[in-house]
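Chain IDs A, B, C and D follow the sequence of writing; residue 1 opens each chain.
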Amino acid sequence: MINSFFNPVKELFRGLYITAKNSLKDNVTLLYPEKKKNMNKFFRGKIQYIKENCIKCKLCQRVCPSKNTIQIDKYYSINYAQCIFCGNCVEYCPRQALILTPNYELASENKNDLIFKEELI
Amino acid sequence: MYLFQEILLKYNFSDWFIFIAGLVFYFILITIFIIITVLILVLFERKYLAMFTRRIGPNRTGIRGCLQTIADSFKLLFKENIKPANAEQFLYFISPLIVFIPVILLWLIIPFTSESANYQSQISSFLFLAVLSIPVFGVLTAGCSSMSKYSILGGIRSCIQIISSEIPVSLVLVSVVIFTGTLDLNNIINFQSGIFLNWNIFPNILGFVIFFICSLIMMNRTPFDFPESESELVAGYHCEYSGMKFAMLFLAEYALTFVICTYMTALFMGGYNSPVGFYLADLFNLNNGFDYILKNIEQLFWISIKTFLLIMLIMWIRASYPRFRFDKTLELCWYILIPLAVFNLCVEIFIKYLRGIL
Amino acid sequence: MIKIREVDLFENLKRKFDIRIENCPRMFLDKGNELNSVQKDMKCIVKREYSAFDEHLTDDTELKCDTELNHIKPDIYLLRVKKEDIRQILRYLKNSEEYFFERLDCMVCCDRKKDLEIMYLLQSDKYNVKCGIRVEIDKKENQIATVSDIFSNANLEEREIYDLFGIKFINHPDLKRIFMPEDFVGHPLRKDFIIQRLN
Amino acid sequence: MEKILTDRMRINIGPQHPSTHGVMRMIVDLDGETVENVETVIGYLHRGMEKMAETSTYIQYLPIVDRIDYLSGFFCSYAYVNGIELLMDIEISEKSKYIRTITMELNRMASHLLWLGCFMMDLGASSPFFYTFIEREKILDIFENLTGNRMMYNYYTFGGVKRDIDKENLYAIKKFSDEFVFALKDLEELINYNPIFISRTKNLGILEKECAYAYSITGVNLRASGIKKDLRKDKPYLIYENIEFNVPISENKDVQARYILRIKELKESNKIVQQCIDWLLTNLNNKNIITDVKPLTLKPEGIAISEVESSRGLMQCIIYADGTLNPYRIKWRTPSFYNVQIINEISKGYLLSDLIAIFGSLDIIMPEVDR
């Protein structure tokens, strides 16, 4: 019976000990604006369009899951508001006209900042 | 307060005016002191909890986040007071005051230094307990008047909880009072003067543990924070309040924590006497009126250090335990704490008798 | 190795109800023309080696498989069943110790342009085998008896099918829409549902 | 004396509530504090996954699949990809099998860790939440270096895996799984025998065997009721045959049993990950991770039912393919859709705070329920 009383109390103090032990370890949080997390080269951030390589085969438009992020007619436009950064277009583009950049800060005030348009002659 | 009254005497106002001005001045002084301590306490809690979970805590405002609570309180002050449509206007408006004013009165009772101008009364320890149960009404009316199911549940829970924790607290208080012989807080503290060995905590260790658990329940701190348990009742009794009224409720909760901790130090850990028996101020023995103030400051220092130790323990508990179940707490209070308190009472009487013989 | 009586899996089931055991024919989805039935045997689905249950299945039973694939016995058996006696079959399959399909994995509904089809996927833990019972419901009077009292997990499942396909289940406890708001018109997963593309 | 007739209070733990993981509404009839009847309203997070499948090609649907159960994205993509591979009779190479198993087990650990954090937050303890998330961040960093994204991986394709695991990733995984043993021991000491935790979760929310079968509950909730049913053992897929791990079950069917089982599953997954690393480290030079399938012109036919033991239970992806570029119909059998239904059965007669604990212990997340 004694054990059934002192055991829980021992466990309570063990709980305190664990939190104390954790307080000595170093902090894990990252001060975001000052120190940024370094992304590796495979990170799927903003997609970049290179006009020279593009042969306008419209494959990227067909492969993109959200159906109308990339529009190719007179202009080549990518709508970053709708893009889900899945990397399908970059993977299936025959001429590597689209590359992935590790840039993930896409916040902007108005929506049409997010639409990237490039003149296609 | 007395200094202020002496200054007023020079300008020969009528004496009843001096008496009231003194009281008002002391009242304002205490509220400023409360607001400062609460600001420090809130910031300290967030930093202290952050330390436990390997975070940094608020560090954007001020040098390392020191102006955080000031920024919070300004935000709350200027926030729009949204009143729920079908809430009863008068009760909804009055209940934060019912919660906040008694907390300030509690501060008047506690003797911070030997010559502090607190309300000297023969039964100040019992008076503290009496005033302590007034905020319960505020919480209940706040909960029930804001007409939302969550706050009703929160209000009812907190009032049941505080009633069931008052009884063990008063029993333990009786045991301390028997041991020290007086009801007056000042005399209790003087009884414990000298080396820290003759603090009340050592002969009365069981009483201290019961008092500590019941004060956790009274302060609504984890593991007993039922009225505003986030995961169930969203925000409990103060979930319909915003702006200034919420600031008052929030302030009252932290002020209540600090006051109950000072009360515990006064009862068990020798309020303002220094643990080593003599005061640093006596060493300088400068005989003009200056050493009198130095001694007071040092006493204030000692009582706040001890309270801070207790508060750190309470926040440490908050970081590491889940919440109790509501009916288990009542079971704990009625089946375990009250019999223990009665047993502790008998132990105290026996020790008192033994001390009487030797 | 316990010797089990040589019996076809669904033999006594066939005695009670007239069902047509089939492998799911490859071209069962008609391209506008009539449903062309068993054209090419179909490699059914989850390839597993023999489980103890399949011991007594002789090669020449109804469940014919591709000759070159006979070393992989199909792990799921598809039965085409009439709409009326769906409840008796399910109750029989569930309670008889011989089959002991006591878990309804899920109910798959598919709009095959000509008619709607529900497949009840049952799973028996004792014999570690799956069976799919397919029922055809034509679009005019899309009604079928509910199964929620036999398998209580069919309750929400049937409400979802009612919500997305519009099949009414007779004496279902509370047939309401789950995903769509109450005043939503139409049933989205039907083939004739027009998607308003909003951009 | 006869029971005082108090009127019932109908409180709804509404869509916006801190402890419904996701968006779900529970209309609870309270008699005082005890729960009488819980009616769950779902459908707030319905994104039309199955309709989206009909209008997009096989390649387009691949990234969407991770979003069905965003906590365990690898399981959904495996179910989908395995279905297509069954239809097209594609055999995947040994190495990609190992890569798939290791990523899936790591994903199971990440999802269990998140469940542990949220469950403890429901019970009121705030610090375990941060400890579990510290560990989970390490797993997400590994996935980020491996697949390029923290939660939406798009890493499996038809016939294998998109990118090979190089040396740094493997050493990172090895370092993580060695340290994880100590971190988990800390967590267990903090929670396991804590009397408050035991009093909050002991014999609460009892799930009987018949009720589990009737509602076709799968996964840890089933195993907590004493039924030993794990797809990885009954029908071993990928490389679970030649990996030795055991499936923990417990008999006392309550919330605490589910907690203990999930902790044991974390340990089991850690063991599996360590065995996979040893094999992967030995043959680093074996590079064939993908069989050449022309994904763009994929035209499978027939019905496919591919199963996987996800972190929450049995997940099935039933694909009706009719030989065109678009799938004819894809049905997802997600385990949480069935776990949601038993809340009413097992939470009768308990207090309001117990209802939150029971709901937390079932490990239900809403994107899986509403698809």
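As a working rule, contacts are C-beta pairs under 8 Å (C-beta built on N, C-alpha and C of every residue); 3 or more make two chains touch, one makes a residue touch a chain.
What you see is a predicted model; the values in this text were computed from it and never measured.
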**Distance-to-centre winner among chains (Cα means, whole assembly as reference)** = D
**Comparison of B-D and A-B by number of C-beta pairs in contact, larger one** = B-D
**Request:** Express in whole angstrom the distance between the two chain centres, defined as the mean CA positions of subunit A and subunit B.
**Result:** 48
**Asked** Can you give the whole-Å distance between the Cα centres of subunit A and subunit C?
**Response** 41
**Message:** So the centre of each chain is just the mean of its C-alpha atoms; given that, what is the distance between subunit C and subunit D in Å?
**Reply:** 26
**Fill in**
Shared-interface residues of subunit D (touching two or more other chains) are 55, 127, 131, 134, 190, 194
**Fill in**
In subunit B, the residues touching two or more other chains are 52-55, 319-321
**Message:** Residues touching two or more other chains, restricted to subunit C: which are they?
**Reply:** none
**Prompt:** Of all residues in subunit B, which touch subunit D in the complex?
**Reply:** 49, 52-55, 149-150, 153, 222-223, 225, 229-232, 234, 318-328
**Fill in**
Listed in rising order, subunit A residues that touch subunit B in their complex are 12, 15-16, 18-20, 22-23, 25-29, 31
**Message:** Taking the touch rule as given, give the residues of subunit A at its contact with subunit D in the complex, in rising order.
**Reply:** 7-8, 11-12, 14-15, 18-19, 21-22, 28, 39-40, 42-44, 59, 62-65, 67, 84-88, 91-92, 100
**Request:** Can you check the complex and tell me which residues of subunit C touch subunit D?
**Result:** 24, 26-27, 29, 42-48, 76, 102-106, 108-111, 119, 121, 125, 128, 130, 132, 151-153, 155-156, 164, 177-180, 188-189, 195
**Message:** Per the contact definition, I'd like the list of subunit D residues that touch subunit A in the complex.
**Reply:** 55-57, 59-64, 127, 131, 134, 137, 144-149, 152, 154, 162-163, 186, 189-190, 193-195, 296
